[in-house]
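Can you read through this structure? Questions will come right after.
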Amino acid sequence: MEDAKKLKRLVKSVWVFNWFNSCGFTEILPVVGSRWDMERFGMIPVASPRHADCLIIAGYQTEKSIRRAQRIYRQMPKPAVVIGLGSCSMSGGMYWDSYNTIKRLSDYIPVDLYIPGCPPRPEAILKGIMSIFREVEDHA
Amino acid sequence: MISTGMGSWSPLVFLICVAFISVVVQIIRSLGEGGFRKEEDKAEAFFSGGRLLIKNRVMDVYWGFFDAMGRYYGWMKRMHNGIVNDYVYWFVLLVTVVIGVVILL
Amino acid sequence: MIMKVLLAMVVPVAGILIGLLYKGIDRILAARMQGRVGPPLVQPLRDVRKLLVKENIVPDDAVGWLFSSMPFVALVSVMAILLYLPLGITPVLEGYGDLILVLYLLIIPSLALVLGGFASSSPYASVGGQREMVKMMSYEFPLAIAVISVAWLLYSSGAENVFSLSVISGTHVWGLAGIPGLAGLAVIFLCMLFVIPGELGRIPFDVSEADSEIAGGIFAEYSGRNLALFYLADAVKAVAIASLAVALFLPYTVSGIFGLGGAAAPAADFLFHLLKVFFVLFVSSTVVRVVTGRLAISRVVSVYWKYPVILSFLGLLLIMGGTLI
Amino acid sequence: MHEKEIAGKIGRKTGMKVDITRKRRMSVRTDSRGLREFCVCAKELGFGHLSAVSVTDFIGEGEYEILYFLWSYQDGLALTVKTRIGREEPSIDSVSDIWGEAQIHERELHELFGVEFVGNADLSELFLEGWNQTPPFRKDFDWREYVRSRYYRNEGRERGYFEVEK
C-alpha cells in the first residue's frame, strides 16, 4: 500500500509523541486540554515512540538532547511526521549564539512542518496540524 | 464432556471454537503490515532515547512483588519468627478451629 | 443446530464491533464530562485501521515468537469468552461451559499481557508486567467471593447445576433471600462494579499501562498490528466482563414485557442486554475514569484487599442470614 | 542582633575574621589550604546546609574565586566562605564529604570552569557531552568564534550573524 493511502489513514488518528523540554510543553498542554481539545481530530498524546505517528519537537535542543531525539525518531514506526515547534527549532531562536544548542532542527532530523512562534499559540499549532491534514488530503 | 456435579465443560467444542476464532483473528492480523524496515537503532528497546546498559534480567521481576506487596511480606516475615513453640501454638489453634467447624456443620 | 453454529461464528465478530462501539461512546462521554468535544464515534475503528497500516517493530533482544503471539492469544481468548456468556439470549455454547470456565478465560488475556510485557526486552514493559501480575492477584479475590456468593445463594434456594450460566441468568436473583439477601446482593454488586475498572486497567488502576510513569508500560514496545490486536482485545474484554456482571446481577429480559414472539424476542433481549452492558460499563469505568487519578501499585493491592473483600464477606453473611431466616 | 555573637563564636573557634555584610548575612575570606578545617568547624557551629558552590573568574588578577554559600537552620544565618586559587591549574580540596550536596555542584564547576576538586567521587561530564574545547564559562573561551565555526560554517552570507559593532 503506497504511502499516500497510508498517510490518509494516518491522518484520521494521529498519535502524538511529545518531546518537549522547554516552552513548547506549556503551549501543547492547552492543545490537549479542554479549550482547544486536539482529541476532536483523533489526536491523543502517547508515551512511547512505538505507538506514535507524529513527533512534536518543541523548543531549543541541546547537543545532548538532540542525540536522544534522533534515536527516538529512528525508533518510531514509519510513516511518521515530525513537527518542529517554535522559532528555537527553526533557527535556534534566542539561543542563536549559544555554544550548546543546535541551530536548525532539519540538520539533524527530517522535519515535515515548522510552526513559528516563541512559543506558538495553540491556534497556531492547530493551524499547522490542519495544514498537514489538508496537504495529505490534496495529495491522495 | 467433563462434568463435575456442579458444572460441565467440553474441551472438544472449546477447541473447535478457539480454532475458528483464531482463523478470524488471523484474517484480521493479516490485514496489518507484517515487518518493518531495519534502520540503525530502530529495533533497540525504547529507553527514553538513551541506551540500555544493563540488559533486562529475569531476576528483576521479583522487585515488583516485594515493592508492591511490601507490607504483606513484612507482616508475614514477622509471623515466621523461627520460634518453634509459636509454630506449635498456631498449629494447635488451627486444628481446634478445623475440628470445631467439622463438628458444628 | 445450524442456528447454533451460525451464532458461534457471528457472536465473536459482533463482540469486536460492539467493543469498538463502546470504546467510542466511552471516549466521547469521558470528553464531554471534561468539557471537551471528544473524538467522533468511529475513532476507535480509525485507530485500529491506522495501527494496521503502521510498521510492526519487534525489538532485537525480545523473544520474537512470544512477543508476536501474545496479542493473538489475548484476542482469541477474549473472543472465546463471549461464546459462553448469556448475551440476553441463552449462551451460544449453552451446555458446554459454565461460570468457572469463564472466570479462568478472563485470566488468560491478563496473562497474555504479562507474558507479552516480559517478552519485549524493555525495562518499562517488565515493570508493567510485574504490576499487572500483582494487580491480577489483588482483584481476583473479591471477584471470586462475589461469584461464589451468588452461586451459593442459588444453591441454597434449591436450583441445581448452579454454575451453569443459563441457570444463573434464568432466575431472578434479587428476590430469593428476602431483605437481608437483597442488601447482601446489592453490596456484592457494588464489589463487582469495583472490580471491573481493575480488570480492564482503566484509570484508577491502569498501573500496568501507565503512560506518564512507565512510558506505556506493557505496550511500550508494541506497535503496528500487534498493538492493534491488543487494542481490540481490550475493547472486547470490556464487553465480556460487563456482560458477566449483567448475567450475574441484572438478568432481566424485555421480550416478556413487550410480549414479542418468534425472531423478535431474542433480538429485543440482545439489544436490551447491550443497553445493560453499556450502563454497567458507564457507571463502573467511564465515570470512575474521569473522576479519579491513578493509584500507586502498593495502594492498588491494599485498596482491593481491604474494602471489596470486607464488603463481599459482609454481603455473603447477609445472604446467609437471609436464607436461614 | 545575634550575628555578632555567632561571628564572634566562629572567630574564636577558627581564628578567621568574620565580617557581617548585612542583616543575617556574613562572609569569611580564607585561603584554599585552610578551607576544609574551616568548613568542618562551620558545620559544627550549625551551618548544616550548603545551598551552592560557585566560581567567579577574575581574569585580570589571574585567579578564580570559589564561594561556598552556607545556611544555618538554628540561627537563620547565611555565611559565604570565599577562597582564591590560581587560574591556570585550578585545583582545591573537595568538601563533598562534609556536605553531600556539594558533589553535584563541584561536578558542574569542574565541567564549566575546569576546577579540579580533589576527593570528589565523580567528576564525569554533566551537561556537555564530548566537550574538548576549553571549559565554556572561562572568560578566555571565545564562544562567538566557537559557535560560528561549529554551527554557522556553511552559511552562505558574507556578513555573518556576528559582525557586532565594537
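Worth pointing out:
By letter and in written order, the chains are A, B, C and D; residue numbering begins at 1 in each of them.
Criterion: a contact is a pair of C-beta atoms (placed from the backbone, for glycine too) under 8 Å apart; a residue touches a chain by one contact, two chains touch by 3 or more.
All values derive from a computational prediction rather than experimental measurement.
The chain with its Cα centroid farthest from the Cα centroid of chain B is D. Per-pair counts of C-beta contacts peak for the chains B-C.
Inter-chain spacing, taken between the CA centroids of chain A and chain B, is 39 Å. With centres set at the average Cα position, the gap from chain C to chain D is 60 Å. Each chain gets a centre from the mean of its Cα atoms; for chain B and chain C, those two points are 18 Å apart. Shared contact sites, meaning residues of chain B that touch two or more other chains, fall at 36-37, 42, 44, 46, 48.
In chain C, 53-57, 124, 215, 220-221, 224 are the positions where the chain touches two or more neighbouring chains simultaneously.
The multi-chain contact residues of chain D, meaning those touching 2 or more other chains, do not exist; every residue touches at most one other chain. Taken as a contact graph, with one node per protein chain and an edge wherever two chains touch, the assembly fits none of the named shapes, being neither a line, a ring, a star nor a complete graph. The set of touching chain pairs reads A-B, A-C, A-D, B-C, using the touch definition from the header. Only residues 62-64, 67, 92, 96-100, 102-103 of chain A touch chain D when the two sit together in their complex.
Residue ranges of chain A in contact with chain C, taken from their complex: 1, 6, 9-10, 12-13, 15, 33-34, 37, 39-42, 45-48, 50-51, 53, 75, 77-79. Interface of chain D with chain A (complex): residues 127-130, 136, 143-144, 146-147, 150-152, 161-162. Those residues of chain C lying in contact with chain B across their complex are 8-9, 12-13, 51-62, 72, 75-77, 79-80, 83, 93, 95-101, 118, 120-124, 126-127, 129-131, 133-134, 161-164, 215, 220-221, 224-225, 228-229, 232, 297-298, 300-302. Of all residues in chain B, only 36-37, 39-42, 44, 46, 48-50 touch chain A in the complex they form.
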